[in-house]
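Next come two complexes, and both contain chain A; in the first it sits with chain B, in the second with chain C.
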Partner chain A sequence: MSTLPFWATVLTFGLVIGMAALLLNIEAGWGGMWDLGIAGQVAVGAYSYALLTSPPDAVVPGLGLPFWAAMVGAGLITMIVSALIGWPTLRLRGEYFLITTFAFAEIIRQLIVIQRGLTGGTFGVTGIDKPFAEYFLPSAYPFILLGLAAAATVLVLLVSQRVSNSTYGLTLRAARDNEPLARSMGTAVDRVRIATYALVGLMTGLLVAPVYVWFLGALVPASFTTHLTFLVWTGLVIGGLGSRLGGLIGAVVLTVASEAVRLISVDPEHASRLAAFQPFLVGVLLIVLLRWRPEGLLSERGAFRKRAKPLDRIRRDDPQTLEAVSA
Partner chain B sequence: MTRRRGSVIPLLLSSLVVAACAEPGGPSAADSGGASDDGGDIVFGQLLGITGDYASFSPPAIEAAQIAVDEINEAGGVLGREVTLATEDNRSTVDGAIAGYQKLVSVDGAQVLGSLESDGIVALYDTITEQQLPTICSSCGTTFLDDKGGEYFFRVTASDSDAGLIAAQLARDAGYKNMSMIVQNTEGASGPAEVAEAAFSGIEGNEVNTVTIEPGRSSYAAEVDQALSTNPDVIYVGAGIEAGLPILREIHRRGYDVPIIVSPDLILPETTTVPNADNLVAALGAFDVDSPTYESYAERFQERTGEEPSPGLYDANNYDQYILFALAMQAAGTTDGSEVASKIIDVASAPGTKVYSYAEGLEALENGEEINFEGASSSLDMNENGNLVSPQLSILRIVNGEWAPTESVAIDSSLRPSA
Partner chain C sequence: MQSLVFGLITGSLLAVATAGFALLRNTERFLHIAHGQFMALGAFLAVVLTAQWGLVPGVLVSVTVVAGAGVLCGALLFDPVKPQGGNVLLFTSIGLAWVIYALLIAVFGTEVRIFEVSLGQGWDLGPISLAPGELAILAIAALVILGLWLLLNRTGLGRSIRAVASNRELAEVRGVPVVRVSRVIWALSSALAAVAGILLGVLGTVTTELGWSNILLVLAAAVLGGTGNILGVIAASLVLGIVMDASALVIDTSYRPVVAFVILIGVLVLRPEGLFSVARRREVAA
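Coming up: the complex of A and B.
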């Protein structure tokens, strides 16, 4: 027996959580919007994808679109829903914003449960369209899925990097650090934040949610509880809130560390003790991290320090060159 | 430097893909029910919520599974091979079920899978069907399986539909005609209630008034008012304890003195203290305590744990599923997933010689007989969808301040929608 399919599955899940953490980092790390509704956004994207790909004659009928069109559709739908949610919630600050986004995520989950005709209710949606599944053995598909997840992660990373290096990203961080000052400089803070919320919705629906759906193989409302939100947040905190790659690294470390426990072989009688070791391990990981690296494995300062270095050097070594560059 | 690192990841991924796709044989050879039929130990997989919401169910379930595996090995194993039990935690979550399933199938080489809970069953349904892994659920009541099982999925417990049917049956048998239902709008509560509503209102002259509630409200006065507006002669309350208690108290506060059928979620010590406790009645899956299989199992369970088997924890059901797997595998003469799955209903159902242990079943099979394994939980006769034909249920009432079984009852199959 090989452990490779198992690790492919674990890494795929790690990348899904990592992508969500990278997007959450744009919102919470750079934008200061501590969002507890990420599970709701993923749910909207996941159900949109599933319903757009589901055949019209299925138990839960859909439009029967190809997977790529459904990804685009799910991205747009999640973006619109996120903007609609963001419009009232982003008027709130701090814990009020946090509680409201949490409430919206629960409302979305309850709507999924209630709207049985549309979403399958607690039955969920099965028969998910997985890209290229027909060309591979079921035992090989975990590797294909890992490849797809890696490709999606690269795209999310590119967007995240682009945001971090852009004026828009700097504006987002400026509004987080000193909102009155940012406003006095003419920055439309509310518009920037709603745009960020919508961007995160777009990327969640376009990439995170479809890969999560492929990973799950079926949708049930229980997949979108607060457990998912806290998993994403834990990954981001471990990796480093505000850093460029921290969310991804933290989520992968968290997932791999949690699942590696499964490979310890014990008698069935001791399985419960081994299983209890997993939350213990996660707890210890967080405590150790908060004690010795309170900013996470990577920090925001470290992430943005590199860009400052060349300019610092120029300033230090040759003031005239700096003047020339500035000119 | 960056470029070099970037090229390593795709290289690694493509190596993994190539390694996976290079597996010899077609789907039937590589993907049929986990490990190959190549000698060595046979692995029975067990995937259950050892941590998380379902954690309280797992210790007795694991003990019961081990009792079954010990019994199988003492009788000579399956196809002359030892059986081992591989246990994985699904963390009571869907993603935990997927990772645990992958570990059981790819690392442990599980050839059958038992003990999944409802959410895990729904999530893994397509994957398990594709991989042709025989799967029995010992505790999942999801109505999803009512018409989707029978090929690779089976269950040895009552469906949530049965919980709904028994509520309708209780009301019908007591001669009630007008039922009001107060139902919490959450997973687990709405499914049985919908079945009860359909079954009861399907009887000529009966009327049903259903009121849906949300959990977590501070008062349910308006909902109870709406439910009592039709002057019902019986009330059904399908809710968790948080909403159930204030609803029961509100019914009493209004002086409404009629029988109240409650869902299994309310069979708790807290409900024995409500003022109208004497009006409460409930139905729950029960073990067939007169069965020789149960007597033998209960003795061993008590020896290992010091406790009695408990229908609410589904331990005997867990024992039954592994004996069924072993008998089906023996009957199939192979560990091939599709072959084993095709024998599960045969060895669980009539016709055939009734057997009450693995050793008896093995002997009968070796003599060329058809068998009908009678489980420790109840008769395991299954319909074509892999559901129990007539699960054993008990009626519970509050006696001397405690919930206690007062009578056994079998489902009247004429109430089923398909009947």
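Coming up: the complex of A and C.
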């Protein structure tokens, strides 16, 4: 058995989690909105994509749209759902926001299980339309998929970079650090937050969910449990909450490390022990990192250190730097 | 009527689990997500041990072991990160939840287990039917909660716990042994989780998903009950249990958990101070 397609598939999954972690970083790292409902958003995007592309005469009937139109559609649907969820929940603070997003994700998953007619229930949606699959041999397709995932990741990275360098990103972080001050400076904190929530929803539906769907090949509700949410969170915590690239690096390292054990061949009676390895690794990494390196591999301070411009230094009323700048 | 009885049983089991969760939430100030996994751990240990040693010793040993595990986790994993605040404690708890979940799968496997205990033939009492086993579960849950209430309100230890819950610094200054109280709380909370997990297992089945499927209900009940009073938590659990089971009369039973979460979200959005709390939750309004 050749292991190269296997690694391509693992890396694809790593990039999916990485993209989700980059988006979560905008929301939680910079925005301070600690969201435990990622799996719900990804589920909405994934099922939207699957139902938009699935032909009208399939077991689970859909609209039969081409993949790019379905991506846009999934993005818009997820954005609207996120905004609808965000409107009531963003008024809550701290642990209440966590619980509510957690509960929303669980409601979405339960609804997917219950609404068999629309989503296929626990049997799920099979026969996913993968882009360009007809032009390539099945053995070569994992590499094509990896390429698509990489392209999507680049797009997410560009958005994330754009946010981090913009006034909007600064406002987001200001509202996180000192909300009363940000409000008193005239920032519409609620609007910035709901816009962020909607942006994350849009990107999740447009890029993360479709690539995840292509990677999965078939949709079942079990792919959208809290496990997915915590995988993304652990990736981000490993990489560094608030850093620019940390989420991507952390998520890829985490998924590659935890999937690598699948290469170990074992007899079936030990299979359950192997299945337990990934949650074990996720849990241990979370506990250990939070204790000994809570800022992650790349920290927020590191990410924004070089951003001190001469203008920032003048404002500090330090005569030395004033001279240095004016000289 | 029958669904009212089921709701009462569901609610009282939820109350036992949530009381333990709320103890930790009020004194250590974080959401203990791993609480659900302690429930599952208790249930699995009890299934194995009762089959070997009989019902009563098996249950007692499992509850003791889980309580000990709780104390150890509290001292070794949670105390060192306490200065970093509630969110770090919360994510440490999530990490611990995954570790326990993985260990449960590795040790006990993923197949469904059941207690070798019969609930007995149901008695017909007018409009309702109740098995002796169900009555026993209800009685045990009521006794445990009554015991907890007496402990909190009628003993010196309970007064120390309530003192730490209302103002940790002041309690410390006034000579309450905060660390020892914290250990007791971890033991109590984990033991309550184990009892709830075992009772749930006796009533239904024991699976590795027991923890994850119950923690959201526990969260919901704890939030609905508000902070501060254990009676609020119990009332909220009973209401949640009864509404969930009564909703089966109106809509499909598969919507049961959805109903609970919709209530939770509704209450959080409309009445952020909780159903049964007088004082406003300042962190919500701030």
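Here are a few things to note about the model shown:
By definition in this document, the second predicted complex is superposed on the first by the 276 of 327 C-alpha atoms of A that agree within 3 Å, B and C clash if a C-alpha of one lies under 4 Å from a C-alpha of the other, contacts with A are read in each partner's own complex, and residues count from 1 in each chain.
In this section, contacts are C-beta pairs under 8 Å (C-beta built on N, C-alpha and C of every residue); 3 or more make two chains touch, one makes a residue touch a chain.
If you're wondering where the values come from, they're calculated on a predicted model, not measured in any experiment.
Residue contacts after overlaying the shared chain place A:F102 against chain C, while chain B stays out of touching range. Touch criterion met: A:F280 reaches chain C, while chain B stays clear of it.
Of the two partner chains, chain C is the only one that A:R291 touches; chain B does not reach it.
Of the two partner chains placed by the overlay, only chain B lies in contact with A:F13; chain C stays clear of it.
In the overlay built on the shared chain, the residue A:L4 is in contact with chain B alone; chain C does not reach it.
Touch criterion met: A:R91 reaches chain C, while chain B stays clear of it.
After overlaying the two complexes on the shared chain, residue contacts for A:G239 are found with neither chain B nor chain C. Contact with neither chain B nor chain C is seen for A:G37 once the two complexes are overlaid on the shared chain. Touch criterion not met for A:G247: it reaches neither chain B nor chain C. Taken together, the two structures place residues 110, 113-114, 272, 275-276, 278-279 of chain A in contact with chain B in one case and with chain C in the other. Those residues of chain A that touch chain C in the shared complex are 34, 88-89, 91-96, 98-100, 102-104, 106-107, 110-111, 113-114, 225-226, 230, 233-234, 237, 272-273, 275-280, 282-287, 290-291, 294. Across the complex, chain A is touched by residues 31, 77, 80-81, 84, 86-88, 90-92, 94-103, 105-106, 109-110, 212, 216, 219-220, 223, 252, 254-255, 257-258, 261-262, 264-265, 268-269, 272, 281, 283-284, 286 of chain C. Those residues of chain A that touch chain B in the shared complex are 1-6, 8-10, 13, 110, 113-114, 121-124, 126-128, 136-140, 142-144, 146-147, 150, 215-218, 220-223, 227, 259, 262-263, 268-269, 271-272, 274-276, 278-279.
Listed in rising order, the residues of chain B touching chain A in the complex are 9-10, 13-14, 16-17, 19-21, 23, 26-27, 30-31, 35, 46, 50-51, 55, 58-59, 62-63, 65-66, 85-89, 91, 93-95, 98-100, 102-103, 105-109, 119, 122-127, 130-131, 142-144, 185-188, 190-191, 214.
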